Each structure stands twice: as structure tokens, then as C-alpha cells.
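Order of writing sets the chain letters: A, B, C, D, E, F, G and H. Residues in each chain are counted from 1.
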Amino acid sequence: MEEDRLRALLEEVRLGTTPIDEAVGRLRDLPYEDLGFAKLDHHRSLRNGFPEVIYCQGKTLPQITAIAGRLRERSHKVLATRATPEVAAVVRSEWPDAVYHEAARIVVVPGAQSEPPPAPNCRGTVLVVTAGTADVPVAEEAAVTAREMGSPVETLYDVGVAGLHRLLDHKERLFSASVLIVVAGMEGALASVVGGLVRQPVIAVPTSVGYGASFQGLAALLTMLNSCASGVSVMNIDNGFGAGYFAHLVNRM
Amino acid sequence: MEEDRLRALLEEVRLGTTPIDEAVGRLRDLPYEDLGFAKLDHHRSLRNGFPEVIYCQGKTLPQITAIAGRLRERSHKVLATRATPEVAAVVRSEWPDAVYHEAARIVVVPGAQSEPPPAPNCRGTVLVVTAGTADVPVAEEAAVTAREMGSPVETLYDVGVAGLHRLLDHKERLFSASVLIVVAGMEGALASVVGGLVRQPVIAVPTSVGYGASFQGLAALLTMLNSCASGVSVMNIDNGFGAGYFAHLVNRM
Amino acid sequence: MEEDRLRALLEEVRLGTTPIDEAVGRLRDLPYEDLGFAKLDHHRSLRNGFPEVIYCQGKTLPQITAIAGRLRERSHKVLATRATPEVAAVVRSEWPDAVYHEAARIVVVPGAQSEPPPAPNCRGTVLVVTAGTADVPVAEEAAVTAREMGSPVETLYDVGVAGLHRLLDHKERLFSASVLIVVAGMEGALASVVGGLVRQPVIAVPTSVGYGASFQGLAALLTMLNSCASGVSVMNIDNGFGAGYFAHLVNRM
Amino acid sequence: MEEDRLRALLEEVRLGTTPIDEAVGRLRDLPYEDLGFAKLDHHRSLRNGFPEVIYCQGKTLPQITAIAGRLRERSHKVLATRATPEVAAVVRSEWPDAVYHEAARIVVVPGAQSEPPPAPNCRGTVLVVTAGTADVPVAEEAAVTAREMGSPVETLYDVGVAGLHRLLDHKERLFSASVLIVVAGMEGALASVVGGLVRQPVIAVPTSVGYGASFQGLAALLTMLNSCASGVSVMNIDNGFGAGYFAHLVNRM
Amino acid sequence: MEEDRLRALLEEVRLGTTPIDEAVGRLRDLPYEDLGFAKLDHHRSLRNGFPEVIYCQGKTLPQITAIAGRLRERSHKVLATRATPEVAAVVRSEWPDAVYHEAARIVVVPGAQSEPPPAPNCRGTVLVVTAGTADVPVAEEAAVTAREMGSPVETLYDVGVAGLHRLLDHKERLFSASVLIVVAGMEGALASVVGGLVRQPVIAVPTSVGYGASFQGLAALLTMLNSCASGVSVMNIDNGFGAGYFAHLVNRM
Amino acid sequence: MEEDRLRALLEEVRLGTTPIDEAVGRLRDLPYEDLGFAKLDHHRSLRNGFPEVIYCQGKTLPQITAIAGRLRERSHKVLATRATPEVAAVVRSEWPDAVYHEAARIVVVPGAQSEPPPAPNCRGTVLVVTAGTADVPVAEEAAVTAREMGSPVETLYDVGVAGLHRLLDHKERLFSASVLIVVAGMEGALASVVGGLVRQPVIAVPTSVGYGASFQGLAALLTMLNSCASGVSVMNIDNGFGAGYFAHLVNRM
Amino acid sequence: MEEDRLRALLEEVRLGTTPIDEAVGRLRDLPYEDLGFAKLDHHRSLRNGFPEVIYCQGKTLPQITAIAGRLRERSHKVLATRATPEVAAVVRSEWPDAVYHEAARIVVVPGAQSEPPPAPNCRGTVLVVTAGTADVPVAEEAAVTAREMGSPVETLYDVGVAGLHRLLDHKERLFSASVLIVVAGMEGALASVVGGLVRQPVIAVPTSVGYGASFQGLAALLTMLNSCASGVSVMNIDNGFGAGYFAHLVNRM
Amino acid sequence: MEEDRLRALLEEVRLGTTPIDEAVGRLRDLPYEDLGFAKLDHHRSLRNGFPEVIYCQGKTLPQITAIAGRLRERSHKVLATRATPEVAAVVRSEWPDAVYHEAARIVVVPGAQSEPPPAPNCRGTVLVVTAGTADVPVAEEAAVTAREMGSPVETLYDVGVAGLHRLLDHKERLFSASVLIVVAGMEGALASVVGGLVRQPVIAVPTSVGYGASFQGLAALLTMLNSCASGVSVMNIDNGFGAGYFAHLVNRM
């Protein structure tokens, strides 16, 4: 609880305009709401400035629409991640203005207010880079997330280290971005190579793409954690949403 | 190679002021230097704007001083990380103006030029937070690194989640930092808690502090990778240097 | 074999009222029953005071109903855990008074005797806490188990550390419980935070909820085993039944 | 913060006997103390009713004595765990009334107040059982911890399952305890066997005793987590302190 | 190649009754047969005295019947393990005297010769013990294998350590067997308990029965490898066939 | 970029026959092509002398045919690996001269030019050896790959170490090959045995064939990496393509 | 407790020659002895026919000599395994007739009785085979153990699969043994090769010999568990004692 | 055994010039020698054309010199790998012409014959590349091994991917080698980058250089096994000897 609001409340108590019982309640009354199975954190958009995100995997359709509905009532923009086409169809039948980013598996339900929020002040562009074609879904999850939070986003796909000239040909794009997200499966070496080229922060996302001793992304994860290039930090396997979110935190002013 | 220098060189070729043989050589001649066992990357300070870093572990004393000597000749500031007291003593006998940050295990040899470089333009302060006392060496490595690169740094130690009020009492410091580094061993839960409180980027560093099923930092590493809080990215176990470096990349404008 | 019964039997041997052959047999004749594929342990309800539990996973429908039938004949209450809706339907067609707790995946077949057993003497309430919505099935398994064994149970769901105020708002409930079960997947940090707040025993249950480097609950398991808070013990991944059982053992007087 | 104290403070604010600035300070002023490298949590003895514990491993001798000194000034009893003989010698030279439990590697510095605290009201006895001789140090750590917190403690050592009669011969002791701690390395099967015999809560502690594929306690840890007996919960490898602490939480009324 | 046959062949060469070319060929001509995808090892029944075994998993129906057909032509008895009901149906439509042991997932095609082989000379009985009902398929695979090879086999199922009296009640059977196979999943403690009771060789078979941190049998495997009881050796997870085979090797005279 | 072409280009710049802007472009213009989701690397056939390979797993049918189409336009021979029958059917409906190697799961679309490329100059024959029948698909992937690249290939299947004479009978074939590929699952011991027999390079490919503690090929992988025989190098689990490719690199002159 | 002794005791109770109190005591009084830190299991030599074994690792010198002393008083032969030269020196200063098998790290203290026990009736010879020189200590531990228990033992060292002829040259010795122990580190392939050659039981012992991805014996352990040869069972890493013990159980009649 | 010698021997048997007993012996008598603890494989130099290699780790000084002595008597060149300076000093005191390659930890004892063996016919040069300075010892082990076997060897050290221009500047050297060995620790990405650049076989050697989640080389090992570049095969962690040996096998004609 912020100090200013605390002082104001105590002042009211001192003046007698707020009874003690009410003060006790307000000291405790943070703005969230209980749906029984999920506690909605309306306060988060105050604290973090961003919409509530529904991670759809492991939730039922009714749970997803119930959560989205309450958030929408409060005018929040909602991002539903890991949304299957079925989830998207149901959400869009409820809110026709919702948009489904199929490759990214994200449904965006725009906020209810008539005017868009002012664009955040950003350092520059977030560049999302992938090693292969199979890494694109995770990359798109990152790109859509960062874009919906307010960052300009560009993408550069299929530039893995097996054909280094494909990457080096785009050095200007790598150099001109303000933050880079590198998405790679298999051995994940692209993160180290990009990290060695640029002087901007690089967010590495291992993907579960691969076979055999890739162990569902473990190989790429270890590669990225041990990167010999400085300036590389790592997200969980396949966590495109986290990378896009973190990239926007770095990119906004 | 940047396009401008390429154009200039081709222009010289066209004008005949640069012979083709020389042009071939210059197209290839990037400014690094070969010591036999190590290729010094003087160019890195151009590319990245930062000094060369010597990772001392696994290098002999003569190797360390040889590398440091060549870098110093080129006026670079040198950070020698994972420096034991022996390494520090030898380096300081060579360059008396070198400073040993013992807790951080870093020796800093200042650059040879008489004037300090202009301070970089930073967003704000990097705050380094630890869960326990045993995490302090890694935290200090992060703090010294970020500070030497030009970021203002503050620290907040021993505020682990077993006594949550110790952390919550410092919410203002958490909220006012521009980037946070959370250093924790054992179960590493502090990163999730801090990540849930603030809206700034959080860089999580697992440490090898712990015993039993902590498996030399693996438990904390997995905890941080799976953080339920958005806005958390992860470094390798005990990689305080990487965290400080990454934090400064995020913090500078 | 308890000493009292042993003495009584030996006394009978001494008096000649029990022949030696019969004594040998009774010394060996513990009250269990052989169904061929499973040895029913009727004695367990004597030894432990609790009903027999059928772990349904990996058993066929005929096996489950055969075991339940024999137990029911002996008037035991039966808990069938990890029961799919199919299992529940079959059991309830056999014993219409059986109750299916769907979220908990438990079928309870009440004991045959007309009068309920006297309520056990309990310390207080078992509080089951989850980090997220997806952890609820495991939590419900714990809650139903403890409740069927005789403990008063309350639940507090979706109070993970990413929104710490959601948890702190319920400190009274945390403080007033006599035992707490904390159910969490992903990074499992909630157990450490709750363990640091309360002075009651905390039983931590990692769940397989998560993705990527959560490795089907391994990350949460390691987190909980390494908890920096004292007073936390750990169950197997997704073992809600075990947590409820253990919590009742702690709670009863 | 407890509601009673909050109400009292607000009442004072209303009455004007406490100025707002002071109220803000007191609302924030939880009783802990900052030694620079460690934040002492005097409040913990209020919250938890137990002394502060110093985990010595990874702390320097001056750090240990500094922390112990401040705690002692506040009259707290101090338990220093994982204390080497060197640590014990230094602590005892400072506080001659300190007692070193060598097998348990714990130094106890009694509280400064003249009168002992009233004995807690306990359910019964904590019984600490080991599979082998090499498990004794971890068992002693558990026993000393529970005893210092106020529980009556008994021990039963070297009754591993390779000679089952050694265990069965002590069934009365197993049955009469109120809580059991089972400490075992190698394959850790003793926890399952004890858990199948008794109806009291069993706290299982895997130890790093073993070789080859025991993997420093991992084998015993997995065994205990997968125990087929209900009523068994698990601590981290070698975590005798945690087991003793948890056992006392369960044992006190 | 045995020395006797070698001497005989050389004698023929010396006598000129066998030309050198033929001798070279016979020295090389071991009796196996090539089906293209599989080399049948008819010689194995000479070397080992046992029938060829077809491990069905990963082989197509035509491959299985082709291999079985050739073996049958040579009068060998065939054991097809891991045989699904489909495999069994096809094999039995080809050879109506084949027998399908459904629980064991083994089809036995008897050898073509009219007279049964003389029963091997055995030490005694192989006793197959399981901890639970879910371990029975692996146990049956072991029992059928040992029986088909010529050993008398008995079984004792569902006597896991959670109800120790169920096991102890059968001590005579345990003591009177000449070899014991202990099949257990979850924590696998039964192998240690049986190994501590008997003085016969115990062959432990971990099963993939369990959940959570049992990791598909890894927990039971580690338990058994680290058994504190001497006289226990271990087979691969779920390898009932191997256990039955090894038990017969030990049991025959 | 090769030095010769660089010199030629610079010469043109010097002569003024190539304007600087065009030179800048050509210095950058490597011959690859962007399909949006995949960057085709036509240059690779220049750099490596081999056709582009499409790894089908994780790509959609339209993606596969689009990539194949563009490559075919450039007259490249195309190998599509891990091709299901569905993929093969679609590819062959597009290019009727495509051949599907079903066991190897490879579709080969021949290059468009009328004349075959000159056969490469090879050392000798690549011999592909398997331990069992279930290893054949991976072996066939290796064999087809090496053959399509231009190496003579022979195969020797089902000669695992459980019947050593089956292998030893073919020593001449082992000795006369110029490179050997050993494909084995389960414990993978065949690679060590072959590596100890021959003096040619042995490429070991672990397969995911096995069960229990084979952990999807991990056991065989570790076996091969630790081979006590010199002259053995290892590919990823199930990576038949990589083995065939590497074998041809070794075999060509 | 054996049935005969039980009947005899009950008969005495019936006859009144044994009072009930004494009968209760004797029913419980199994012959073991408590040293405080270790419960000596004198009964084991009755149950198993073999001497008590002291596993020295992790025990202090006084503990070892105390245990050995009590066992010696009861005339038992004592095997102290994993005995360092220091342990051996102390034991031999106490009992000059003790013998130290240095390579095996075993001290044997002969039993006190004047006459040797009758030699057990054995099937034949135990043959201990190693892959390399570095495996010899584990092999010697196995050999000494089996020999001290009464089995004839032979050894065949350094016959690893990298030079297969070294092994094949000794086929007669392999064929003529009644039980084989195969000790191998690195990739452990020798167990499969020997298992494929012989028709006797093979006991495989992985050793921690190796480097890199041998992971302290894990590679060899997995190899042996997954052996494609039937008739192979596995001991824990470096567990030479267990192998020798198990081999004797198999070998004796 | 080669067919020619077999035919010759049989011919002698037929002619009666060789008695059958002697023939049996010679059929068995492969030329190796038994030192008790190690079987020297003189035949290997015939089979493989290379000297015997002594892996010193885990062997005593007397064992090493005994083995070397016998090999020297047979005129073999001896490579002793993983030789500490102590080993080197002892060997050189015995054979003053021995050479110690300290960085490579290899002692070479030249063969006793007066004339050098004819240089093998090689394809070209083996190029050994390292990512960092700390990888040099493993690289030197590879370089010395390949050179002693007869291959021309060049080295290119410290060209890791964090400074890609350092590598690209040497493309001609990469392109002109006939075989490449890439030695890298940490994340091991260099192997993929080199493998993507060249069309020669690349042998990747992970090193145990790194910290934290590099897990003693596991991260680099997985990276290399999963390389997205074709033409890369992998050796065990730190296995420089194996890489040099394999590279020479590939390089010789």
C-alpha cells in the first residue's frame, strides 16, 4: 500500500471522518474479486499498467469465459494465451471484436473503453529472431504480447547458425533494435551468436523443437544459460509470452 | 562491417587510392590481437562500449597478467572476475591503481587515459536484492559489474521470503529502482515474490547456496525459470557478472 | 500383534482351552482376505482407524468393484481415489449411496453400519491453499480426504505469490488453521511464503501444473524440499490424497 | 500485523495521542535489526514462539558470533546448526554456558533471562529412528532441535529393514510415540515400513549416506516421496533440523 | 565353437575326408539363418539350451509370424513376449496349439517334436512376489518365462510393505523357495525387506507403476540398486522376462 | 565469401564497370530466398555440394511442398526426411518422379536438370550395421542419405552382441568397408565391439529402441560416448540422416 | 520365528515349565545386541549362514573396532569392507590373525573357534572378469567376498571389448564357470558380450571408472540394465561386495 | 582371424606338418601378453596400424612403467595420455628420448626401431579449433594425438562465437582443412557455427569448462549432439584423444 494513501486514510481517522472499522476494512480492501476458482487481480493493471493475462492451458472453456467476462466488465484489455482454436471461437462468439492470432495462439479482447490508452513511450523496436521455421509459434507469442503491450515489434525468422550468412545479412536490423528476443530449439546456438554481435539486451527463449537428446528443450535451455556472450538472459522453455512481456518492460521508457 | 566504412573503402578502391590487395586486407582486418593462447578483442569495446572482461577461473597467473597488460596498453579498463586474492595481489603489484572488490571477487584495472569516460545516460538505479547472507558474493559480483559499467547501484540483502515483512518493509526501494537483480539460492522463491510486486524488469540469479536436493543451484534455477510472475528472466547459476552486465544494458538509455 | 492379545492367548494355551495347533494358527491369522489379485487389509482399519483406500489408477473396473464389495461387506467406509467418471458411475450403480467428488476424483462409499462413527477429536481446521486454478483438483483430493477422515476443512484457492496481496489479505485464515496444505505447481514458491508466515505445520504438495522446465512437477518439488522456511514438509507430486491423510493425522488429538 | 494491535493504534490516532507520522512509522516498524550482511528477525520469536536459528554453513566465524551476540542481547535462545568444532569453540569462549551437541553439530546458547520459559504442552514423545549408524548425525540434529524446542524426544537407532526383527522388536516404542522421524540413507525403505506399521505421522528424512547409484541421497529421497504407506511426509536430504522443527510443530498442543 | 567339434573337424582335414574349402566354410558356418530383417539364432538353443525369444514390441505382425515360422520349422519352442491380443490371435490362427498367457503378455508356441524335452534338474521353486496388484503383469511375465524354461514357479501377490503382516504371514513360503523374484513399483521397498528376511538369491524387478516422482520406475530402480540387504540383484524396469530367465539360470542344477 | 570472387568484384569497382551501390549490394547478396516462414539456402549447394534437406517433422504439408517447389525450380535435388506416408503421397502427386523410401521415411525429389551429376570420387563403401530389427528404420535413413549423396552403401542388420558369432561371421565385410555406421538401441554395446574390431572410422547412432531404463535412447547414447574403443564418434539419438551425411563426408575424396 | 521353535515353546507353556512372562520375553528375544550406535545382528549368521559384515565407510575407527570386538567374542568371522590401510592397521593391531586384502579393501578377522566351518557344497567356480585394469579393486572386493563365504573363485582381468580376441581366447574359462561376475566401467559393454556367450548367470557390476559423460558409473549402469543379452542381472555401481555375496548365494548348493 | 592364415594352417594340418594339438593352440594363440593386471594387445598395432595407448588416469606409476616397458620391448611407439608431470618425469627417467607434451598431458615414447615408419598418405590437414583459452588442454591432446599418428595438424584457438569476426577472419583456414576438430565448453555453440560454414567433417568435443548449469560439460555435449548443422559428430566430454584419433582415421587415405 502506497504511503500517500495511507497518510490520507490516517488523516481521515484522526479527523473522525472515517470510523475505525471502515479504516480497518479499507486497509485490507485491495481491489480484487473472487470467482471461486480464480481470484481476479484488477489491481494488477494499476500496479503493472498492463492487462490481465489468462493462461488457458488447463482451464475449462466456462472458466476462461467467466474470467474474461469479469475483466471485460472492468474495461480491461484481456490476453488469453495458449488459446486453441476452440477457445478462440468461443471467446469471439462472446466478444466479436476479439482477435485471434492463430500462429501465436493468443486471443486479444480489447478493453471496453471507447478511447485507446496513450501509446507508451518506447526506446525503439523489439526484434524477434528465430533459428528455424518450427520456432515460429513461440516467436509469434512473444511478438503479439510485446505489440499488445505497446512496443513496436519486428520479426526475422529462420536465420539459424547452420547458414550464418542468412543472419549476417541482417546485421543492420539486429543493430538497430532496442531489445532482441532470440527463439531457438535444437542446440539453441543462435542466442550466443546474436548476443556476441549486438550491444542490446538479448532475451533467449529455448523451444521444445528437436528430437533425441534435445530432451524437449533442455539442450537449448542449457545452451542459453551457459552462453559465452554477455548480455543474454533466459526464459523458460517455449515461454514466448514471458519473453514478449519482459522485452516490453525493457523497451518502455 | 558497417556500411559506411565499406562504402568509403570501395570509394578509395574506385579512386585507386587504395590498392586491391590492401582493400582485401582491410576488409578482413578487424582490430584484435593474438597472444597465442587468447585472441584479445579490442574491437569489442567499440562494438559494445564496454571494457574487456577476463574470466580468471581456469587461467594461469601469467595468462591473466599478459591479457590485462595488452588491454591496458590500449587504454581499456579491465574487469577480472572470479579473481582470487592471489590473482588480485599479482595484478595490483603490476598496476597499483587496480582495486580489488574482495566480496565480489573482481579486480578493476582502470583505463590508462587521464580523463574518465562520460557517464552513461541511465534510466535510474539498479537494485540488487538477496535472499540470504550466503548469496552476497554473487550479488556483489553483480553490483560491482553494473557500477563499473556506469549504472548507479543499490543493494538490499537478506530479505528472503521466510520473513516476508523484511522484504515488504522496503517496498519503496523495490518500486523506485529501474531494474532489479534478485539473487537467491535454496528454493529461490524470492524472485517470484519480487516479480509479483514490481513493474520493472527483474533479473533472477540462482546461486549454488543450499544443500541436499538443491543440487548446487538446480532447484533455484528451475524455480526461477518457472516463475509464475511475469517480467522475470534468468541467468546461469552464480552468474553475478552476467546479471550486472545485463542490468546495465537495460538501464542505460 | 499387541502384547495383551498375546498374553491372553498364551493363558488359554496354559489352561489347555486352546490347543497348540490352533494357537499356532491364531498367532499367524491376521484378519485379511485374499481376492487373488489383491489382499484386502481389513486389519488396517483396526491398526489405523481409517477406511481402506482404493487407488483406482491401473486397476480394472471389475477389480475395483470386487475390492469395494468385500470392504463394504465388512462395513468399512471406502475411498476410491483417482476415480474417473466411468469408475464413479459403475460404483454408484452398485452402491447408490456412494458420492462422487468430481473435482477431487474421489468416490466415497459410506460404511454399512447404521450409525456414524463418533467424530474424532480434532485440534482445529485443515486449510487447503492453492497457488492457481489449475492446482484445484489436487487440492480437492486433499480436502475431501481430510474431511472424510473427520477433520474440518477449509479452502483458499488462487492466492499465488505473483499477487502477494491476495494471500496477505487472508492472514487471519492462515493464522487460525491448525494445519495447512499448500498446493502449487510451476515454481511452487507459495509453500515457502506461507511457511514463513504461519507457526503451524505446512504440508507442501507440488503439482505437475506448468510447462517447459517445470518437468512435470519436478521444479515445484525441488522448490518445496529446499524451502528456506522451517516447518514445511513435502508430499509426492500431485499427491493430494497423501496430504489430506497426513494433515488429518496431525490434526486429530 | 495482528488486527488487535492495528485497532489499538488507529484508536490512538483517532484520539490524537499518536501523531500520524509516528503511526506511519509504527505501522512499518517491525522489530528486526540490520547487521549489514544479515537482517535479524527478532519478530520471529513472537510470530513462531521459537528461537532464531543460525545456519552456520557458508557463514564466517565473525558473522556467526555477531548474529549470536545480537540475538543474545535480546534474550533469545540461539540454535547454531551445522556448527563445526571450531565454530563451537569460538561460541563457547564467548558464552561459556553454551552447549555443543557434537554428534548433532548444534551449539545451543541459552537465552539470557533468568527463568526458563514454561514447558510447551505436548501430545507426547517424538521418536527418532535410523536405519543405520551412519544416519546418526542427521538423526541427532533432529533430536536436539525438537528437544530444544520443548518436545520430549527418544531415539531408536540402527533398525534398518535388512534385519526386520530389530525393528519389530520395538513395536511398542513405535506405537507409543506421538510423532516419528525416520532417518535413512541408501534405499530409504525404512520410512515405508514404519509408515505401514504406525498410525502416527511419520516424517521421513533421506540422508546422503550410500554410494554408487544412491546419488548423494537422491535414491532415498525418491523412495520416501513414493512411499506406498500413507502418513509419510518428506524433508530435504540430510535436513535433520527441519525434521525436528516440523515434528515439534506437530507435537505441541 | 567347442573344442571337441574343432578337433573332430581338424582330424577330418588331416585324414583328407574333408576338403580345406569345406573346412573353412564349416568353421564359419554357424547355424543361423537370415530372414533379411532378422538373423535367427538357431544355434542359441544349442549354446543356451533354451528356445528363441521374440520380443514383439516394435515388430510388425508379418515379421513376428515369419520369425516364429522358421523357428517352428526347426522344432524350437518359441516364446513371444510383450504380445498384444492381436499378436496372440494371429499366432494362434497359425499354430492352434499356441497358448496365450494374457496377464503375462506371452504367447508360447510349443516345439514341433512329439516328445517333450526331459525336465531340467532344478534346485527348487521360484517364488514371484509383488508389492501390489498393478505389478502383476510384470510378475506374470517372469512366472511364465521361468515355468516355460522348466522351473517350478509359485506366486505371492500384493504383499507390499505398507501392511507388513501380509508379508510376514508367508515367511515359510519365502524361506522355502530356492530363488525369489520381487516385483515392485512406487518406492520398491519390498525388495529390501524380502532380501533381509531370506538367505536365497533375490532378483528385484522395478516396475513403472507409480506417479509423480516415481519417474516411470526410476525411483523403484534406485531403491533396489541401493538395497541395504545383501543378496539382491536388479533387472531393468518392467523386465519380467529377464527376471524369469535369470531365475531359471540360478535354479537349474 | 570466397577471396577470388571478392578480388574480381573489387577489380570491377576499380575499373568502374561496377558502380559502388551495386558492389555494396552484391557483397551482401547471397543467393537465398525468403518464403516468409523459411529462408531457403540455395547457396548451400554451392558451399556444401549437396542438396537442401527438408526436415518434415513439425512442418505443415503446404510448407513442405512450397519449400520443395522453390528448390526444385532451382534444379536442386531435394531430400525430405522424417516424411510420413501422407507427406510422401502429396509430394509424389506434385512430382511424379519423386521416390519414397518408406523404411527410411525419406522422399527424394530428383533435380530438374536432364543429366545426372558426375558421381563423386569415393574411398569405398559405407557399411550400415544394426544390432536389432527395430533399429532398421534409423539405419535405412542413414543408408538412403549416404547413397543419395553419392556413396556406395551396404547394410548388415540384426548382428547385436547377444549372439556375437552373427557379427564375427561378417568380419570381412566389416574390414572391407571404408566407413561404418553402427545403429543400436537398448544398451548400444555393438558400437564398442565393432570399434574394437575395425580400423576404419565408426559412426555410432543410438536409437530410442528399448524400454525401462533405456530412457528413450539415453542409455545407448551414454554407452557410445563412453566407448572404450578408439575411433568411434557419436550422433544424436535416432539421427540416421546425420550419420549418413557425415559418413559421406568422410567417404568422398 | 521358525514354526518348530514356536511349537516347542508353546508346549512348554502348556506344560507349565515356562511361565507366561518368560514366554512373552522369549517370543520377543531375538539374539541381537545393542552397542548404542549399532545393533549387532548375531542372529544373521543363523538366518543367513554368513558372518556379519562391517561397511567401514562413514564409521569411525572406535566404532569399527567396537563392532568387530563384540562379533569376535561371539566367534563370528568378520568382513570389514571399504577398509582403508588405517582401518586395517588398527584392526590388525587388535587381532593379529586378521588379514588385509589391500586391493579389495577388505579386512578379514577369522572366527574365534578352533575348527574351521565345513566347506559349503558349491556348484562350481565363480569367475570374476574385468574390462580394464582400473576395474580391478571392485573385482577384488567381489572375489575376496565370494571366497571368504566359501566359493572357489577365479579371475580374468583386462579383457574389455575393445580387443575382443582377448576375451574370446578364454571362452573355455567363461564356459566352465558356474557363475560369472563382470566388472566394467566406461561403457560397460563387456556384460552384454559375456552374457551373450555363456549360459550361466552373469552378475554385472558397473564401476565409476571413466570420465566425461560416464557420470561416475551411470553410463555403465544403464548399459548393463539394458543388456540385450538375457541372463544378466545388475548390482549398484562399484558394489563388488554385493556381487561376490550374490554370486556365492547362487553358487552354493 | 584372417582367412589366408587360416587356409595356410589347415593346409599344414592336411600335410601333417602341423600336429592337431598345435593347430588347436595356434588357432587360439593371438599375440597378446599378460602382465597380470593388464593384457597388452600387441596385435592391435597390426589390426589398427597404431601404437598402444596407455590411459594413465587411475593407474599407478609402476603399472604405467611396466606396461610401457613391455610395449617398448616390442618396438612399439607408446602414447601415455592424461599423464601428470610426475608420470612424465618417471617415464622420461626410464626412456630419456620420451617427450612430454605438457599442455596436452601426453608423453610419447618413440618406438625402438631405428627407422621411422613411412609417413601415412593423408588427405590434408587436421585443424583443431577452440572456443576459449580454457579449452586448450583438450585441444592439445587432440592435436598431439593426430600428429603422432601421422596427420599434419594446425590449430586455431580462442575463436568462440561471442566475437564472431575472430572466427570469420579465418575462413580460409577453416575451408582448407580436410577435417576439423571443434573443442568448446560452456554452451558449445562453436561446433554448430563451424559445421554450418564448412563442407568437411567436423568432430565436436565438449569440454567440462564452464560453471553453474554447464554441469561439467553436459550443456556443451547436448548442444553438440543437437547441432542444427549437418556434418557434425560428437566425442565424449574432454575426450581430446578420441577426437585426434578419429580425425586421423578420417584424414588418412
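Keep this in mind: a contact is a pair of C-beta atoms (placed from the backbone, for glycine too) under 8 Å apart; a residue touches a chain by one contact, two chains touch by 3 or more.
Just so you know, these numbers come straight off a predicted model, no measurement behind them.
S.K.: If each step moves to a chain the current one touches, what is the fewest number of steps from chain B to chain F?
M.R.: Minimum number of steps from chain B to chain F: 1.
S.K.: Quick one: chain E and chain F, Cα centre-to-centre, how many Å?
M.R.: Using C-alpha averages as centres, the distance is 39 Å.
S.K.: Using CA atom averages as chain centres, what separation in Å is found between chain D and chain H?
M.R.: Comparing mean C-alpha positions, chain H is 55 Å from chain D.
S.K.: Suppose each chain is reduced to the average of its Cα coordinates; what separation in Å results between chain B and chain C?
M.R.: Distance between chain centres: 50 Å.
S.K.: Going by the contact rule already set, what residues in chain F reach two or more other chains?
M.R.: Within chain F, residues 3, 163, 197, 212-214, 218, 221, 225-226, 230, 236-237 contact more than one other chain.
S.K.: For this structure, give each pair of chains that are touching.
M.R.: Chain pairs that touch: A-B, A-C, A-D, A-F, A-H, B-C, B-D, B-F, B-H, C-D, C-E, C-G, D-E, D-G, E-F, E-G, E-H, F-G, F-H, G-H.
S.K.: Any idea which chain B residues touch chain H in the complex?
M.R.: By the definition above, chain B touches chain H via 28, 30, 32, 36-39, 41, 43-44, 57-59, 63, 206, 208, 217-218, 221, 236-239.
S.K.: Where on chain F does chain E make contact in their complex?
M.R.: 133-134, 136, 157-159, 163, 165-166, 169, 209, 211-214
S.K.: Of all residues in chain D, which touch chain C in the complex?
M.R.: 3, 47-50, 53, 123, 172, 197, 199-201, 203, 221, 225-226, 230-237, 241-242, 245-246, 249-250, 253
S.K.: Going by the contact rule at the top, pick out the chain D residues touching chain A in the complex.
M.R.: 3, 6-7, 10-11, 13-14, 16, 20, 23-24, 27
S.K.: Per the contact definition, I'd like the list of chain F residues that touch chain G in the complex.
M.R.: Touching chain G: residues 131-132, 160-164, 186-189, 192-193, 195-197, 210, 212-215, 218-220, 222-230 of chain F.
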